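What follows is a pair of complexes built around subunit A, which joins subunit B in one and subunit C in the other.
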Partner chain A sequence: MKKNGKSLWSRIKKYRFAYYFILPTALAMLFLHLSPIVQGIYMSFLRLNQFTLQQYLLAPFCGFDNYYKVLINPDSPIRIGLFEAVRNTTIYTVIVTLGTLAIGIIVALMMNRKFFGRPLVRTLFLFPWIVPTYVTGLLWGIIWLKQGGLVNVMLVDWLHILPFKPSWLSGPNTIWAIIIPTIWRFWPLSMLMLLAGLQTIPDELYEAADIDGASPWRKFWMITWPMLKPVWFILILFGLIYNTYSFNIVIMMFGFGAGYPGEWGDLMMTNIFRNSFQLWNFGTGAATSVLLLIVMIVVVNVWFTYFKKSEELRN
Partner chain B sequence: MKKIIFVLLMIFAVIFVLTPIYLMVKISLSPPAEILTAHPSLGMHAITLKHWKAVIASGELLPPLSKSVIVALMSVILSLLLAIPGAYVLSRLPYRISSALLLFIFLVRMIPQIEIALPISVSFIRLGLLDTDLGLALAHTLNVLPIVTWVLVSSFKAVPADLEDQAAIDGCGKIRTLVKIVLPLSLPGIVVAAIFGFLGSWDEFIYAIYLCLANKTLPLEVYYYINRASFFIASAYATIITIPVIIVTYVMQKYLKSEYLAGAVKG
Partner chain C sequence: MRLSYYAKKRITDVIISIFMLAFLALTLLPIGWMVYSSLKDSTDIAIGKVGLRRARTNILMLTPENDDQLLALSEDGSLNYYQAADLVERKHKSYKTAATSYALDPKYIWIMSANKGLIKVNRDNFKKAGQLKFKTGTIDTNKVPATYIKKIGNYLYVSMDYKRFAGVWKVDGRDMRVVDFLKNAKPQYFPHAGTIFVKDFPGVDGEVFCELREGPYLFLGATGGRLYKYDTVRDEFVAQVRVPKGHLLIRFHNYIDMWKNVNFGLFLRNSLIICGFTMVFAMILATFAAYALSRFRFPGSDLFSNAILATQMIPMIMYLIPIYIMFVKFTLLTSIPVKGTFYGIILIYSAWFLPFSIWILRGFFAAIPRELEEAALIDGCSRLRVFWHVALPLAMPGIIATGIYIFLNAWDELMFAWVLTNADTQTIPVGIRLFVGNYQNRFDLMMAAAVVATVPVVVLFFLLQRHIVRGLTAGAVKG
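And then the complex of A and B:
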């Protein structure tokens, strides 16, 4: 924007067409999104359960009671499995985000050089991303089966790594049973974005580094990684957001019993879903959602601040 | 040595990517006796179309498939109409402002869908949109609009501003410039946006639970299907509904260049 002393109004007039153009998007966001969000936040202050659902927003107002139930009251049934859901979601989000990034960057570096059959390989790599998430959950549910599932057959019968067949769909292993399919489904996208970023890095930088005799490892950390910063900043941001709200793969694998409370297959979304949809505690479900929203805003802000600070350091 | 490691890694990555999909196809085509053994093998020894026929004959394939396709197409078209003008403006704003606005559009997604699905379904009951294709498409637009805007901004940025200036000199209005010059030039980007948007709606589960009563979409159908069917049927069903998407994407993939994802990222 120019800052040449013009009044705000003349600037608005100058960009008038811009506001007209942005209007449809803004209105759609407002009506489709903002009004449900405001209602949702309001819901978290209501005693909204199976008895009062008919009244909806006219349900009895109960102040911060729902928040008290979720956060403090040790006896409330809502809190069953909540701690585990938070723990699992944290582990899940961090590992999936970093895992997709790591695999994405390794494969993107490999795809960035020319080799025989590259177009074919590129097409094949897109396949997981085309498979819908609900099919991914279904598919991996079969792969993780205790008897006859591919993973156990591979680990025990073929490679003899484990002496017995572990159960992947119950107990602590379930967290891996949901992490790995998610990485499998989403790494092609991060690979594509990183590859796009790689192709914008000018060759001269590497040539200069070659003259200085830099090792490939050093070249990666001094040139590639910093130059890709806008890409991995976005990838980590989206990863944090999308994976925290991950739902489809888990619910497909474990059904509506998804994440029996207190188990390793329970995520925040399945927890809120159980509270809202199955126990009919829409009020407390909304309170949990709002708390999650606040936590996520803080997390995203921390990530932004870190990014901005390091940008300023570099300049 | 380096080359061997490279090739091995590549092969490993391809195997990691393809095995689950291969397995799905294999199970859907195998007679039960071959899969339900203690030591199943990877190869395909016998092929049967039994499960495919059962799925097709069951009549539970076409209604949800067509509903999902219709809803996805509707929400893609709706999102494109809503997003094209906005994305055009965003692409012409300074990088700092446009990226901040784009990120804001995404941050709005941070409220759990489960929570806003109830207010949406309540207002849809009032508007008579519950259990209609249009209602679900509107709800899906929430998911699709940000993705579509993202891709469109990147592809509009690739259109040189000089062209627009020339059009303006020739007396072409802003809207005409957008329709006659920018849109045709960024057609590949619009195709990519449409693919992304389509997949976003195709995948959606939570709004569908609230907003579908009689006619289910594919995710719901698959969900309720696997609760009562064997996994042969489930795999056959999954294979049948995945194949069209794979074919469409394979045909479209020449458009799916990574540049359209990068534009919004780079300055």
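And then the complex of A and C:
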């Protein structure tokens, strides 16, 4: 034990240089990441609203009351629209993550050939990804307009697919009105990463498969997809996290309309934002955030374990 | 039919290319729509009129010319000669003006317009002989409903129908210069200002704006540039013609309007300052930390790496209230203002984008072969010199890519900026958010703002896209 402690100290002394390097970052993380998070978790146990905000952490302690309000109490105003927000966020996250990946892989496969003007096409494909998300929300809010929106003009006036102009910004269609812009904004990134992954796959594998007479479909599932595993693992991981916490597109498209509880355009983030900054219930807002954080930790850990297990199976 | 392997390959190649280009067009369509909408009229966007509007071509004035010709002047600034006998067009020229009014003298045609000021045109060959632009400040010339002009002797009295410019310019017609500006003098120079004399005529499509009697014939200039020749003896129309279509109204003025309405220059400056400094600070800190993490397995390095990944899982909204209150408390304790200052938001942004930048940069440093640094160490370089002269130059592409990534993300950030800035430090997203609330149905201005918010990042991206693509893909392949 003593020996171990001594070696720890000597190792710390040995790597003094590394500590100098991470010191500013560590301080920043301590004050601006760890401390707010601890405060946020503590806040979820306080009755913190517009009257007690002045006292902040000295506000009356109420134990698990906030969690009770969010999870169990059927009469609490906080729960209005919570189920719908959870449902919408789940649908939204899953469809956006998988849709981004699917479109990304299709386009990456199409791009993985030699043809004239390839760098230019790749750059142009990246264009939506540079458009800021708040602009995406604003722009698609105009594109989904009932009378003059591009989608309705195309579907009804030009192609005559639909007999009437549907309303995209109200009712159940809303979920598509937020899913499609998000996919449009984020698929170029996954395309770029998958394309880079595709280029590292050695040609010999495909040649061997050709000799064995494998169909393109089989070649994709047996060679390409497993070889791309590190890439799509990361893409799905970050897709799940970022899409669950998606905020800008929704808030810009609907304004506070996204805050109408129970609508199909209401996500977890807008729900928490509304609880905190419109109902001034900071305590319950923090409790909802903590619950969401727990769910995310579970999801990410499940995904990591699945990945590790399948890696072990392969080896 | 059996095709050879190469023919098959060639055909699939072409099909894939066509499919890909179609998809590219579909992908870029929303961006094209954004730029296009920003040049349209707000009501056109709302009602779904896809084409651009054209200038109105109502014929405002008809005069005989050289006995056998007819001069028709229309509202879009187009001057047309027609043969009086059969209304065949002889000559046409459009000056593309808005809210036009005309005055004539034997030698010149004087065109007064809202957007191009006063234009002096030779009457025989329609060449421009002079132009005078008036200082009208910031008004949207597309919205001026009418202009007025009257010629008295050598002087022209011109005015615009706009609330802030109730006044008359007195212009010397010979050398085209403003002699005088008469304030609130409109009525005495233009007794009929503001009234349009229209009447109906049986058989004329629309309303008649002007008429001209030549012997037994009556020429009628009507709505939409229609010109009729009417025989009063036989009581029937003899000939009919339409002046050419008006020019397309592309409203570049939306951008000026938007810029003035939302104080966009301030937001742009704030965004550039905040994002630029955030990029620099986060990059410097991330470079040091990523180097340390990739090179040394010191006690606590695993904890640190895990903490970096864990921060990505925390919803941003959890930070919002604690940080807001920390800022307020800090100001109360030390009386140094933090909330609403540049350094406050730069600090928060730097900290917020730090973990992900470290995570990307670590891959770049890990890719540099250790042997290079070990060789330098053996040669007697200090640790710092090795970092500065060996590792840093080799990792430069990655550092640049990370920096741009931070800039793009900081440009995109709305939630912190919303809560932690004040009126002087608001960034573009907050400005646009406020503006969307205030101008609910000015879709044209919203799209203009969207375009202006996108342009800086697009320029940055196209300047440095090689680095970004390389940086992002390098991170991806290593996993």
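Operating definition for what follows: the second predicted complex is superposed on the first by the 291 of 315 C-alpha atoms of A that agree within 3 Å, B and C clash if a C-alpha of one lies under 4 Å from a C-alpha of the other, contacts with A are read in each partner's own complex, and residues count from 1 in each chain.
Keep this in mind: a contact is a pair of C-beta atoms (placed from the backbone, for glycine too) under 8 Å apart; a residue touches a chain by one contact, two chains touch by 3 or more.
Fair warning: this is a prediction, and the values are worked out from it, not measured in the lab.
Once both complexes are superposed on subunit A, the partners subunit B and subunit C clash. Legend: residue contacts after superposition of the two complexes on their common chain; A:Gly99 is shown touching neither subunit B nor subunit C.
In the superposed model, A:Asn152 makes contact with subunit C only, not with subunit B.
Once the two complexes are laid over each other on the shared chain, residue contacts for A:Gly265 go to neither subunit B nor subunit C. In the superposition on chain A, A:Thr133 contacts both subunit B and subunit C.
Applying the stated touch rule to the two superposed structures, the overlap between the subunit B and subunit C interfaces on subunit A comprises residues 17-18, 21-22, 24-26, 28-29, 32-33, 35-37, 39-40, 43, 56, 107, 110, 115, 121, 123-128, 130-135, 138-140, 142-143, 147-148, 150, 153, 157, 184, 192-193, 195-197, 200, 230-231, 234, 238, 241, 245, 247-248, 251-252, 255, 269, 272-273, 276, 282, 285-286, 289-290, 292-293, 296-297, 300. Against subunit A, the residues of subunit B that register as touching in their complex are 6, 9-10, 13-14, 16-21, 23-24, 27, 35-40, 81-83, 85-90, 92-94, 97, 103, 105-116, 118-120, 122-123, 138-139, 141-142, 145, 149, 174, 178, 199, 202-203, 205-206, 209, 218-219, 222-223, 226-227, 231, 234-235, 238, 241-242, 245-246, 249-250, 253, 256, 258-259, 261-262, 265-267. Taken in their complex, subunit A has these residues touching subunit C: 8, 11-12, 14-15, 17-19, 21-22, 24-26, 28-29, 31-33, 35-37, 39-40, 43, 53, 56, 107, 110-111, 113, 115, 121-128, 130-135, 138-140, 142-143, 145, 147-150, 152-153, 157, 184, 189, 192-197, 200, 230-231, 233-234, 238, 241, 245, 247-248, 251-252, 255, 269, 272-273, 276, 282, 285-286, 289-290, 292-293, 296-297, 300.
Per the touch definition, subunit A reaches subunit B in the complex via residues 1, 17-18, 20-26, 28-29, 32-37, 39-40, 43, 56, 103, 106-107, 110, 115, 121, 123-136, 138-143, 147-148, 150, 153, 157, 184, 188, 192-193, 195-197, 199-200, 230-231, 234, 237-238, 241, 245, 247-248, 251-252, 255, 268-269, 272-273, 276-277, 282, 285-286, 289-290, 292-293, 296-297, 300. Residues 13, 16-17, 19-21, 23-24, 27-31, 33-34, 37, 44-50, 285-286, 288-289, 291-293, 295-296, 298-299, 301, 304, 307-308, 311-323, 325-326, 329, 347-348, 350-352, 354-355, 358, 383-384, 408, 411-412, 414-415, 429, 432-433, 436-437, 443, 446-447, 449-450, 453-454, 457-458, 461-462, 465, 469, 472-474, 476-479 of subunit C are the ones that touch subunit A when the two sit in their complex.
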